[in-house]
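As written, the chains take the letters A, B, C and D, and residue 1 is the first residue of each chain.
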Amino acid sequence: MTSMLRLTFPSRPEYVVLSRLVLSGLARAQAIGPNELGDLKLAVTEASSNSVRHAYDRAGGTVEIVYELGDSHIAIEVWDEGCGFDARASEPEPGALDEGGLGLSIIHAVCDETRLGRASGGTGSWIRFVKRIGGEDA
Amino acid sequence: MNFSVTTERDGDLVVITLVGEVDLYTAPDLKQELVRVVDEGAQRVLVDMSETTFIDSTTLGVLVSGLKQLRPLGGQLVLVITDSKIRRVFEITGLDRVFPIHGTRAEALRSLPASAAG
Amino acid sequence: MTGQHDVETRELLRAYHEHGDARARERVVELHLPLVRALARRYVGRNEQLDDLVQVGSIGLIKAVDRFELDRGVELTTYAIPTIIGELKRHFRDKGWSVHVPRRLKELSLRLSQLVEDLSATLGRSPTVAELAEAAGTDEEHVLEALEIGQAYSALSLSSGPGNEDADTDPLRGLGTLEPGYERSEDRAVLVPGLQVLDERERKIMHLRFFAGLTQSEIAAEMGISQMHVSRLIRRSLERMREEIDVLRSSRRMG
Amino acid sequence: MDVGRQEPEIVTLTLPCEERFIVVARIVVGGLAARLDLPYEHLDDLQLAAEAVLAEPLCAAADDITVELAVAERCITMSIGPVSPDVIQSALNGEHDEGIGLGILLNAVVDGIGFDQRADGAWLRMDKRVPALQRNE
């Protein structure tokens, strides 16, 4: 059985914490191991921070996150109106908070499956990552 | 947001204590503090993360830029990490080989003798 | 539930309790399986099949049947519902998330109540989560999680049924008694049937909050307990009433 | 957080109509309220309003329900929908209700209640006035 939840928030740093809090809530609805939860929080923070970071110059942008909760996996998709992970052609502005491209490698490292793409028909991008859950001792 | 950066200074030695979550929203406070202490002549910087509950790549970016600032000046940046989840973020990214990581503040301080700064 | 049903139940319980009729016990359990099923359905989906949960809930039902006292003057369902729900919740607690809750969060959860109290006194108002986090030396997310945990724990201890050392959970406590002084004045509260499942103190809090319009802090001051305790009592009272109402509705459907 | 601008900032959470997910709504509402530095009591009121509405049998028509939080300078507007207006109206009136009654409960915890008609149906709207706190930062 798979359940879907969707969170949207303005592309601003102060809202990134909400992407983690949904996971805290899901861990109440279904058993998720503490390390699994930690990894998922890290991954969703990376993805949503990335969206927010690239939306700085677009006032009014929105980040959309879809959480897919299965019996033994969680898949998360993060959609935004910015230029995504794969378009880091230009150097970040001096003084900007740069994570040196580490975000994506962190997601790769903590999840079992990762895919990136462009939102169809727009300038936005999406990332989907999947982590198996239930692998930790109860 | 409840996140705090506390700075203690003793000559060219600076200890920065991070309490709470460091993410895109709070990392600017850390960045600002690091830039300030280096500008003010800190040579030995200890970032104590034993009360830090969450970090992400933004945090790592800030620490790396601090290190880049210090190195040409002959300075050092060491970390205190007790939580395995925090340590994991360094390990995933290979930055555990870039930053000296200690389990206690006392141990970290011993790794920063005053003579090292000249 | 029809009167016929209740009469049959009482006869069977009498046969079992007074004459040790094991088949009467079986029959009572059988009669109330639809109730177990209705309650178990609410918990399906957490990696659990309905049939398994009905099994778990039945254990609660059997405990209720065995411990039921005929002369208490209440129906078996009133007594059994919290026991069944308690069994279901214990099932999830035993195998579920709560064992994953880090000790640090549990400790924080226990400390928060006192911190709210202390900070309210210092600030002259209810503290913010940021203020709580600062006082506890942690961050907002942990405070929020700890608040949730506190509620989950109080919900768990609420319905764990007879045998639990928490005297508050005796479903029979407070039934049929109303403290004079507050019930006579307002009566809308008294007219609410769901409130009858609450104990005296809980009913009083519900009355003050929802019918007399007091804030949590005012109620806390009035009753000499912490604001957070008021918050939890309100929440668990509402939850208990909802459970009762669900059952009333589903038993009506069962006819 | 800068909430003084013209347009309210909007956070939405869409979740399946199952009891086990109510906690997700509660924790997200709490998280937003914490970000806005609301006193605990206001936070608790908002959470209680969300839980009470979500516990109603709202989802006869759809499988999902959305909680929308619009943050303006001195007010948070929480809208929940789409809902069946009949179900909600009778819950608000306390008809067939053995409990406190949604209307009485919401009146105690929020400052205004109303319905909005949107493209996908009726939404229940709740306004909560929030105090302007002195900010330390």
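In this text, contacts are C-beta pairs under 8 Å (C-beta built on N, C-alpha and C of every residue); 3 or more make two chains touch, one makes a residue touch a chain.
Keep in mind that this is a model prediction, so the values were computed, not measured.
Enquirer: Per the definition of touch at the top, where is the C-beta contact count highest among chain pairs?
Expert: More C-beta pairs are in contact between C-D than between any other chains.
Enquirer: Taking each chain's centre as its mean C-alpha position, how far apart are chain B and chain D in Å?
Expert: About 41 Å separates the centre of chain B from that of chain D.
Enquirer: Between chain C and chain D, what is the separation of their C-alpha centroids in Å?
Expert: Chain centres of chain C and chain D, defined by C-alpha means, are spaced 24 Å apart.
Enquirer: When the centre of a chain is set as the mean of its C-alpha atoms, what distance in Å lies between chain A and chain C?
Expert: 37
Enquirer: Please list all residues of chain A that touch 2 or more other chains.
Expert: Within chain A, the residues that touch at least two other chains are 3, 14, 17, 20-21, 24-25, 28-30.
Enquirer: So which stretches of chain C touch two or more other chains?
Expert: Where chain C meets two or more other chains at a single residue, that happens at 45-46, 129-130, 140-141, 143-145, 148, 152.
Enquirer: Counting only residues that touch at least 2 other chains, which ones in chain B make the list?
Expert: Within chain B, the residues that touch at least two other chains are 1, 21, 54.
Enquirer: Mind giving me all the chain pairs that touch?
Expert: A-B, A-C, A-D, B-C, C-D
Enquirer: Help me check something: in the complex, which residues belonging to chain A touch chain D?
Expert: Its residues touching chain D are 3-10, 12, 14-15, 17-18, 21-22, 24-26, 28-30, 60.
Enquirer: Which of the residues in chain C come into contact with chain B in the complex?
Expert: 129-130, 133-134, 137-143
Enquirer: If we count contacts the way the header does, which residues on chain B are in touch with chain C in the complex?
Expert: Interface residues on the chain B side: 1-4, 19-21, 51, 53-54.
Enquirer: Tell me, which parts of chain A touch chain B in their complex?
Expert: For this pair, the touching residues of chain A are 13-14, 16-17, 20, 35, 38, 41-42, 45-46, 49, 52-53, 97-100, 102-103, 105-106, 109-110.
Enquirer: Which residues of chain B touch chain A once you look at their complex with the stated criterion?
Expert: Chain B reaches chain A through residues 1, 21, 23-25, 27-28, 31, 54, 56-58, 60-62, 64-65, 85, 88-89, 92-93.
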